[in-house]
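The following pair of complexes shares a single chain, chain A, combined with chain B in the former and chain C in the latter.
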Partner chain A sequence: MPSQSLAYAVLFGHVAFIVVGALMTVLSQNLVRALVGLIMTLFGVAGLFFLMSAPFIGLMQILIYVGAVSILIFFAIMLTQSWSSGDEAQGPSRKRAVLASLTALAPALFLGLTIIFKSPPSLLVAEETEVSALGRFLLEPYILPFELISLLLTVAMAGAVILGFERRKQR
Partner chain B sequence: MIFQIELFIPELYLLALIGGLFVLTVGPQSWWRFLRYLPLAAGVGIGVAALSFQFSGLMLYGAYQVDGLSQFFKLAIFLGLAVTCLNALNQPTLSEEKRPDYFLFLCLSALGLMLLSSAVELVTIFLALELASYSLYALIPLRSKEPAAAEAGIKYILFGAVVTALAMYGLSYILGVHHTTYLSELMTKTWSWSEAPAALIGLTLFLGALFYKLALFPLHFWCPDVYEGASNETAAFVATLPKLGAVVVLVRLSTLLDPSMEVTMLLAVLAAVSMTFGNLSALVQNDLKRLLGYSSVSHAGYVMLGIVAGTAAGLAAAAFYAVVYLLMNLACFWVICRLSTDGRNLKLDDLNGLYQRSPGLALVLAVSAFALVGLPPTAGFMGKLFLLNSAWMEGYHWLVIIAVLNSAIAIYYYLNLVRHAYTREAPVTASGEVQAVPNPGLLWGGLLAAAVLWLGVAPATLFSFAQLAGAAAGGVLP
Partner chain C sequence: MMDIFPTQLIVVLAGLAAIMAFVGLNGLVLVYLERKVAGFIQRRPGPYEVGPYGLLQPLADGLKLVGKQMFTPACADKWLYWLAPILSLAPVPVALLAIPFGPNLQVLDINVGLVLILAFIGLNVLAICLAGWSSQNKYALLGAARNISQSVAYEIPLLLSVLPIVFITGTLNLYEISAGQGAWPWQWHILTQPVAFVIYFICALAETNRAPFDLPEAESELTAGFHTEYSGMGFGVFFLAEYAYMIIACSVAAVLFLGGWNGPGAAGWWWFLAKVYFLLIVMMFFRWTYPRVRFDQLLNLCWKWLIPLATINLLITALVIAL
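Let's look at the complex of A and B:
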């Protein structure tokens, strides 16, 4: 069926895009290039959301992660001084690299294989959810978590302020 | 029923306290003298929580349940908060300008734990747990002139972030398989490996976040380092209250588990390994806080006895033991904080001759050490007895045997504390005198020790409440 092979092509195109971006993030020597790789991955994930007929979530992914978070990281790179002779600049030893990749692969393989071989029944054709339904969902059954998030962000921000800033000297 | 204000009184009271503290943090320094009333205000909270014991109900579209279990733990949280605030009032290693912020974060963490004890929906549970943790992330590095504190803070944050990510991932599996996050609906679904393996993996990953808080075996590694790095007063909070939060959620989630399931067996094995590993590691520790850190790893294993039993009696025993653990650890930390007048970490040798320097504190230490071992007539004994009993009834004979053997191992290092305090001579100053401990705070330390003894002699006073809590855990309200 041509439409199905086309769908597979689009899906695996996205997956390849995400994986290449992720590898670039991890392996690149240059911080800015690594961040470009991260942005690539985030775009790829947004594309997956579009494929699953969730355009709103995909747009939010682009707006928040690509638009805001990446810019923030760029600023952080710009504001911190980093030297090419620091501890981090030396590559990891081979033994460590092997162990680290094994550690990363183990859960991914385990979880991935479970999902592939014992996949729960799911919808083959994704249904699009209206944004208004999403809003109602957040403000009715999930009102408490929704409000808790704002409290959580306040605490995170206050915590960052108290750890990062010197209090203004009181007169 | 969307919202009923009278069900929400303990949380509102704590929120009012937090609001007041927030005003203090931005207000002029002359207002900071009001901080000394904070332990009193938190103590009033115990009464508020006790008064709200009679209420029960389901709120906010079924995400928030007020029942015996939640009110029992709210009372315990207020109790712990009052004692830790009192303990931290004259903290030597906290820079003066950060004092109001410190207490603000203590109360915010307690609020997170309180929301946790009533949450019956997985996303709410997750966020409340995060609220409790974020406040601690900010508190741990607040120990001036101590690089180890920053290290401890970074470790706690980074490991916490990884565990959180895994828990969130697990939550997505549960949501993907069962299409709901409400415990009342999840109770009716299948959790067996053969029928829904993805859901079971998701649940295990989600439980990981709780094990991290509880410091149960595979996720215990942060515990000694964080206790050692954080200031004594902060460690007293981190060691006690978050465990209450983890226990209450485990008690709630135990309605999903039944003894025939694979995951229950996994929990039992983790409990056994945690007890053994914690006790064996504690044997060789020299730093008091590291010792208590490993001891809390082993106590996490003991609490799991009640959870894997899963009966109302087992859950009541777990709730009771959580409160007993709170009291005996707070008593032990009370002694450490009073002894360490300049805020440094204490070694075992710093306890030498405590009976000469402050007989009262030495007695409090002895009572808490006996309770931590689980010797009669202390509350630790009664708590362990209830736990072992409930696990034995459910047929976990091997687990009970391991637990009892572990108690025997634990005798060595807990009584080592007492040996140092009572049989070694105190260091003498140049003039040949023994230096007394200044400000031993005997009244409150003594009250804690008395509470530990009282619950050992007459456990029914608290255990009847714990039984209400255990009974409430079984059923999610309609």
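Let's look at the complex of A and C:
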């Protein structure tokens, strides 16, 4: 079936895009290039959400992670003095590299095995969920986690403001 | 060969090509319009030598830009330096895909069209940051830093001013939002949401880096801001992208607040284009009327006025809908 092979091509194109971005993030000698790799990965993940017919989640991924979080990371990089020669990049020792890749593999293995052996039934249904249904889910059955997350964010924001004011007093 | 690709893919690709042609043509028209408006406001004729009424001037400008040497600064990060202008223009066709130009003139009727546009225009900030950072130029870096704090601040009231319309219509689909408004101006959302419209328009000016909020490129302070080092089409693509973002911002305003393609008499793309061009000319009048704001004024306006105002407007709208 031609459309089947097209679908596979699109899926593996996304996967390749994500992997290349991730490798760029990890291996790059320069902070901004690493950030561009991270953005590539986030973008590819947004594309995967589209493939799973969840365009709203995919667009939120772009709006929040690409449009806001990575911009803030960029701002942080600009405040440090990291020039494109990449002085900050000294190659890690072998022991650290092994430990780091093990740490990265553990959650990937865990999540991958969970998905393979205990896949949720919605995984096979390519059907778009209405945004209003998502909103109802957040405010009816899942209201407690939703409110806890907003509380956490408020506390984090207040903490950041307090830290900022303390810094200013010390000067 | 044809049956390998589904029809929808072909429609989207043809739509993308048509949209890019539209963006390029609009760039030419808007350059001419802007120079004529500037001339009108400063009591001079504007371009009039090249062609009748100077109509061929933008074409000549474009040819000049295409013919110029593409120069990369010695210390610049070459990849990121040339990635930036591409990344600036790339989201434009995607965002325009979701805009309903007419009752039957929309490439992609997607349920979350509004979020699509808001998500993709955010990429422009990233492109400007990359341009400023990779140029290895202090003016470019300052322009990029200004652009981040400006865009991050103004994105909040922009989202808050769009939400009341979503509350009223109960949908994020731009086609349905257009179709839900009547032909006459008193049936448009601007009547029920005038505050949201004003906030949206101010934020759109700031997000598209138009004067009086053109601090990222402030010619008198930063030579040319984030695109100081770009020559030839590197600069040309940024320029085209800026005009394209103006079109997107005005199109979204026309759809959300001004009834989209609806109008007295026959509804169609002509009404839509008329509204978009009216808003664009208003933007140009702003540019040549108001002086540039200072940076603290810019941030104070956003955090102390627009965000509280937009929040109050949103709460009142939610309250009225709930009652």
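Throughout what follows, the second predicted complex is superposed on the first by the 121 of 171 C-alpha atoms of A that agree within 3 Å, B and C clash if a C-alpha of one lies under 4 Å from a C-alpha of the other, contacts with A are read in each partner's own complex, and residues count from 1 in each chain.
The rule is short, and it goes like this: contacts are C-beta pairs under 8 Å (C-beta built on N, C-alpha and C of every residue); 3 or more make two chains touch, one makes a residue touch a chain.
Bear in mind the structure is a predicted one, so any value in this text is a computation, not a measurement.
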Contacts of A:P55 with chain B and chain C, given as first, second, both or neither: second
Touching partner for A:V19 - first (chain B), second (chain C), both, neither: neither
Which of chain B and chain C A:I71 touches, first, second, both or neither: second
First (chain B), second (chain C), both or neither touched by A:I39: second
Chain B-touching residues of chain A, taken from the complex the two chains share: 111, 114-115, 118-120, 122, 140-145, 148-149, 151-152, 155-156, 158-160, 162-163, 167, 170
In the complex with chain A, residue positions of chain B that touch it: 28-29, 60-64, 97-98, 101, 104-105, 108, 115, 119, 121, 123-124, 126-128, 130-131, 134-135, 137-138, 141-142, 169, 176-177, 182, 196-199, 201
Residue ranges of chain C touching chain A (in the complex, touch as defined): 3-6, 75-77, 79-80, 83, 110-112, 115-116, 118-120, 122-123, 125-126, 129-130, 133-134, 136, 141, 144-145, 148-149, 151-152, 155, 170, 172
Residue numbers on chain A that touch chain C, as the complex places them: 2-3, 6, 30, 32-33, 36, 39, 55-56, 59-60, 62-63, 66-68, 70-72, 74-75, 77-78, 83-84, 128, 130-132
